[in-house]
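Chain IDs A, B, C, D, E and F follow the sequence of writing; residue 1 opens each chain.
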Amino acid sequence: MTTVKDILDFLETVAPSSMKESWDRVGLNCGRLDRPVTTVLVALDPFADVCQEAAEIGAELLVTHHALLWEPGFITDETEQGRNALFLIENNIACINAHTNLDCAPGGVNDILAQKLGLTDITVIDPKGTDEKGRPYGLLRQGVVAEQSLYSFMEAVKKALGCQRLKFTDGGRKVNRVAVGGGACGSELQDAYKAGCDTFVTADIKYNQFWEARSLGINLIDAGHFHTENPVCVYLTEKLRQAFPEVTVAMSAWHADCASFY
Amino acid sequence: MTTVKDILDFLETVAPSSMKESWDRVGLNCGRLDRPVTTVLVALDPFADVCQEAAEIGAELLVTHHALLWEPGFITDETEQGRNALFLIENNIACINAHTNLDCAPGGVNDILAQKLGLTDITVIDPKGTDEKGRPYGLLRQGVVAEQSLYSFMEAVKKALGCQRLKFTDGGRKVNRVAVGGGACGSELQDAYKAGCDTFVTADIKYNQFWEARSLGINLIDAGHFHTENPVCVYLTEKLRQAFPEVTVAMSAWHADCASFY
Amino acid sequence: MTTVKDILDFLETVAPSSMKESWDRVGLNCGRLDRPVTTVLVALDPFADVCQEAAEIGAELLVTHHALLWEPGFITDETEQGRNALFLIENNIACINAHTNLDCAPGGVNDILAQKLGLTDITVIDPKGTDEKGRPYGLLRQGVVAEQSLYSFMEAVKKALGCQRLKFTDGGRKVNRVAVGGGACGSELQDAYKAGCDTFVTADIKYNQFWEARSLGINLIDAGHFHTENPVCVYLTEKLRQAFPEVTVAMSAWHADCASFY
Amino acid sequence: MTTVKDILDFLETVAPSSMKESWDRVGLNCGRLDRPVTTVLVALDPFADVCQEAAEIGAELLVTHHALLWEPGFITDETEQGRNALFLIENNIACINAHTNLDCAPGGVNDILAQKLGLTDITVIDPKGTDEKGRPYGLLRQGVVAEQSLYSFMEAVKKALGCQRLKFTDGGRKVNRVAVGGGACGSELQDAYKAGCDTFVTADIKYNQFWEARSLGINLIDAGHFHTENPVCVYLTEKLRQAFPEVTVAMSAWHADCASFY
Amino acid sequence: MTTVKDILDFLETVAPSSMKESWDRVGLNCGRLDRPVTTVLVALDPFADVCQEAAEIGAELLVTHHALLWEPGFITDETEQGRNALFLIENNIACINAHTNLDCAPGGVNDILAQKLGLTDITVIDPKGTDEKGRPYGLLRQGVVAEQSLYSFMEAVKKALGCQRLKFTDGGRKVNRVAVGGGACGSELQDAYKAGCDTFVTADIKYNQFWEARSLGINLIDAGHFHTENPVCVYLTEKLRQAFPEVTVAMSAWHADCASFY
Amino acid sequence: MTTVKDILDFLETVAPSSMKESWDRVGLNCGRLDRPVTTVLVALDPFADVCQEAAEIGAELLVTHHALLWEPGFITDETEQGRNALFLIENNIACINAHTNLDCAPGGVNDILAQKLGLTDITVIDPKGTDEKGRPYGLLRQGVVAEQSLYSFMEAVKKALGCQRLKFTDGGRKVNRVAVGGGACGSELQDAYKAGCDTFVTADIKYNQFWEARSLGINLIDAGHFHTENPVCVYLTEKLRQAFPEVTVAMSAWHADCASFY
């Protein structure tokens, strides 16, 4: 019978923990290794609604991108994270996360994002190393699209990622070579620029980063944290379905950013 | 004749440097104290276009909210900040900034923002001290609006601040008691919540802060860094005009956020 | 109905968290504040056997001296502490601890230990402050016994604390003024000496501390971590019974040190 | 004529200072390198009684495991360590120590301890490197005894080391593969466990380390700091006698732990 | 009979250790408190020649300005400081130092230096506190001389302190208000300048400090570390003679800087 | 046309920035890379008089050993360094410095100093690495002179470096093997001694360093910061003239130490 440990071991091959950033913590967040698993829920975040959804579909395991517990502390209903952890443990639901290891891994968050945006000739910007198959890994990806106006490209981004709105600054250049970084990668702007890209798609961009882009003359697009990272859930879901055909793997139907535009 | 020093001394009464955060640096950024001043330009940021504008209108002094130099370094055209500093000095334009001291000061960034949004009964949240007139000072402000739906309030915010779009999460509550913090104050969300506010208007909000708001049940509105801080420029301009009637005080016509929505 | 929060609030009056050492963490360790409580188990440590015992007697709350979780981490069965926390949460058992706050509080660990050893004229050595009733608090206690040989006193200690063996060094003095510190207080030896004591009873004493005692000429007795701290369980049990007559308060029957002598 | 320097140089071959822990200080503690040596005293600690003994037997050199001075300070009779250093210098007695370098060295503290306990197939646990002869060095040793009950093994330990009492926790396993670490090595318990040992003999074990052993299911025996480290004195004495036949090498007759059991 | 402790206690009234800089260590450097003292040698430094001199005149105590041991370490003849300490201890000579406490104390190094230079109206620059008699204490002193040329003043300095040469920079001002700081006080130049002094006499001045003086327009004179601090030896000698008429108090005849000019 | 960048690139080959100390900052200090250069001024320090001189001779570039800005700060006339930077920028004069990279580089400050003093068989003491031509680099140099008295050698030093006076301590040895370190290298005394030198020429020597030299028995000569470093200006001037024959390269005529002797 498939156990939590079987799935943890499989995810280690998909996103080796050795590829994570040094400050990050990944792996089994709560639960027991030998717990049998018949149903898995895959989601971006282990937020309260997602935990609720996991319970409702009878999942014994939740696989997420972001961790369940961020700060050291006790597990009580005095905090939001404590409440989520209590709920999962009380309902015998284990939780595994793959965070910066999945961002950097070949085939992970940023490869998925690049493909989703239709980039070709996708490569790793500033690789941190190679995996055992010799494939480079690292945070950002870059690739090529047919040269087009920024507005044409943004229209395509909205369609590909299902975003309501994009926030952007126009760097005054046509779009041809695009860097991508799912989630809050604004601080990597210089790396995207030095790699020769004319356009950078990421999320949670700060005021001064938009100004920095304008001064460098690079198009900078904030497509939203959720929309740039969520595509990896489809990938994880499929990977798990292939590896564990006997297990039901659901992707969170509770499937949206909590922020809107008006 | 009015000098840079005269204006620096006056700004110290408007936003005493003792009110700044310990990590912040404010005051004269470049230039000479005894330089005569006939024209001042007031702007949010000493970015390249603003420096250009200052030169074009013949200003001898630029007064800004954000600092000219953020990191220790040499003053060369190898960096954006170095280029801006070189340009100002080469053109004999001094630069003074008032940053977190102006955020916290009575009548400063956040009082202006609260007034601009039509709040009444405006008070300081968690005051850090009192000024020499006994007025409390500190980062956030709170106040009251007639009870209304979130959409009605957001419509008013867009009009008041001139924003193209708001990014927000709906906390599920009517709007009545509103906290405000110009610029990136997302990390102060707990303080706004504990003060009993149902709604918080600030900028540069991160993904997890939207989720935190949703879980607390507080409306959170990102109205943009520029739009929440820029109103203070009108205030600074008027203050300077009153204090120095012989000086021409212009507000930057170069007057927009560099980020747009699509 | 009595809740976890009611008992947490009561324990805050017995051992205020403001009296704890700065590095320590105390309070609710796991569980929910509004959980009704009909049965409490009091024990020194939330070890696996104690957690089992709590479940067996139907306790909804475990009150301990030592904390459930010492190091930041995830809550999984990969570690002993994770297993204990999982077990308690899965069985809906909350856990509260009072550690260095209970050591220092008037009437706490060290007052109980001093009384148990028959000391009179008990006072606090180097008080850290006073509580709201004006009573001094701090780590060590000192008091007086009728002058006697070290062997006579050690015989009494063994009887009073139920120790199998004592490890000690003979400082060459009669016993009359005794300092006590439950648990590992060997590093406080100088304080006991400077307070004028001829004998110090504590636990987990290291090699060089025995030598330091010998060189100072003070009798030093290691009566065991468990035996010097466990008496406080009786006190906590009685306090809880008085305050919550409607609740069943049991003291752990699983009641022994895990270390023996041969 | 043999000098202090000759013996210092020889000891560097027995326990190279490059094998010491980074926080440790070893070598010549007090005295002059060119002082002629006719008599050496070997002891575990340079305590007051040992210094007295050295003077009484006319030794010009004291060789110890623990250092003479632990903390930076002046050399006065205001402290115990100052008094010992004053006494040695006033009596023209040099002092050399070999501490963690001797713990780790091939043939050092822990090899001696392992042999003393009758272990066979002795190897280094987690070697830190190899010496110039290619022999691995490191802190702990492991080896094999004929499978036996814990009580049978403890009887043998008491005989071999001359301990009055052992403090122990029963991990519930037969004794067959034993790890040893002289002195306070309780924090290395996990390393002994991961190496596959069923039993670990060391000293100065703390309360929670006994509990950790119980939870891991490993027998843990505290045989005393003195008793686990003192056998190395015989080894050092013999080594020095072989190397310097013209010198009288005495082992401290003042030869006991200062702690007893009652 | 007078003991080391009697003299240590007396020096604590002359230069309270509470006046020392936090990084400094002062008091008994080596030796025994109850050692009878018939002869004291006073010197600036406990260098090898001074230690030799102390032995030759039969002193049981050496009182110095600088400490015997600067860095933590063992007491061996492998280092200069170890050799000096060995020599003193072997010859039963105690050593007491008063360093930054004597610099700052009323009547100490810098008051003596100011008097020696003929200053009047001597006051403390930036006092750090007051002693029990209400007298301010602190590092630098300032005072007044009849207005004169820099060369005239330097002539007087050479005579007063017995210097062979002065190294100086001419700040372009007459000498009237003079700051003094014995030893290496070049980093206090700004304090002397802000106090309104036209001239600063100290020692061990660095290249950039001369340039800083020139740019500030203040005369800066390096009169040598030895020559600016040694006058305090006369003061200490007299103080000790008055307090202990039964003791012979000698001032080091070995009485010169080791650096010369060519 | 020759630009600032051309000269910056050339100086990188003379004194690669990879040879600098980690705490040091070197390179372009102020100005623009593409500025045409017809005249360069070479000087030891970018002090106010030197900046003035650069303006007077129409230099577009100042090349110095010491940096223009030492501490992070704004560029205002409130500080000496701010004033110098303002002056240079206002006058369109760029500034490049080569500091510890030039001290260490083959042919740099210390090679020049060694040659100037007539040393033969010049080698690097404790090399830190080799450059791309395989030449070792590092701070100090040593070399040989014909054996002579210290006074004879000092006479030669004064002539070679143009010093008014030397401050020195006589180590009691003939001069034959000499170590040199331009500027304040007193803390490298042990390295010079261990390299077998009998004499060390450097600058800004502190009181205790003279004593350390005396105790080691090594002649120590303080020839002044300016005089030991300034010879490199001739070297830089010549190098620049050879590399850029079309550019006028002047060496500062404002050419003296600001400190004198009396």
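The definition used in the following text is that a contact is a pair of C-beta atoms (placed from the backbone, for glycine too) under 8 Å apart; a residue touches a chain by one contact, two chains touch by 3 or more.
Values in this document were obtained by computation on a predicted structure and should not be read as measured data.
In terms of the stated touch criterion, the partners common to chain C and chain E are D, listed by label.
For the pair chain B and chain C, the CA-based superposition corresponds to a rotation of 120 degrees in steps of 5. Among the remaining chains, B is positioned farthest from chain D, on the basis of C-alpha centroids. Where chain B touches chain F, over half of the residue numbers in use are shared by the two copies, so each contributes mostly the same positions. Interface comparison, E-F versus A-C: the higher number of contacting C-beta pairs is recorded for E-F. The mean-CA centres of chain B and chain E are about 54 angstrom from one another, to the nearest whole unit.
Averaging C-alpha coordinates per chain places the centre of chain C 66 Å away from that of chain F. Annotation: 33 Å between the Cα-based centres of chain A and chain B. Rounded to whole angstrom, the centroid-to-centroid distance between chain A and chain E, based on C-alpha atoms, equals 66 Å.
Residue positions of chain B with contacts to 2 or more other chains are absent. Interchain contacts close the chains into one ring where each touches exactly two others, per the touch definition above. The ring of chains, read from chain C with the first step to chain D, runs C, D, E, F, B, A.
Residues of chain C that touch chain A in their complex: 25, 27-34, 68-69, 71-78, 85-86, 89-90, 92, 94.
Chain A meets chain B in the complex at residues 45, 47-48, 66, 80, 151, 154, 158, 165-170, 183-184, 203-208, 210-212, 214-216, 222, 224-226, 257-262.
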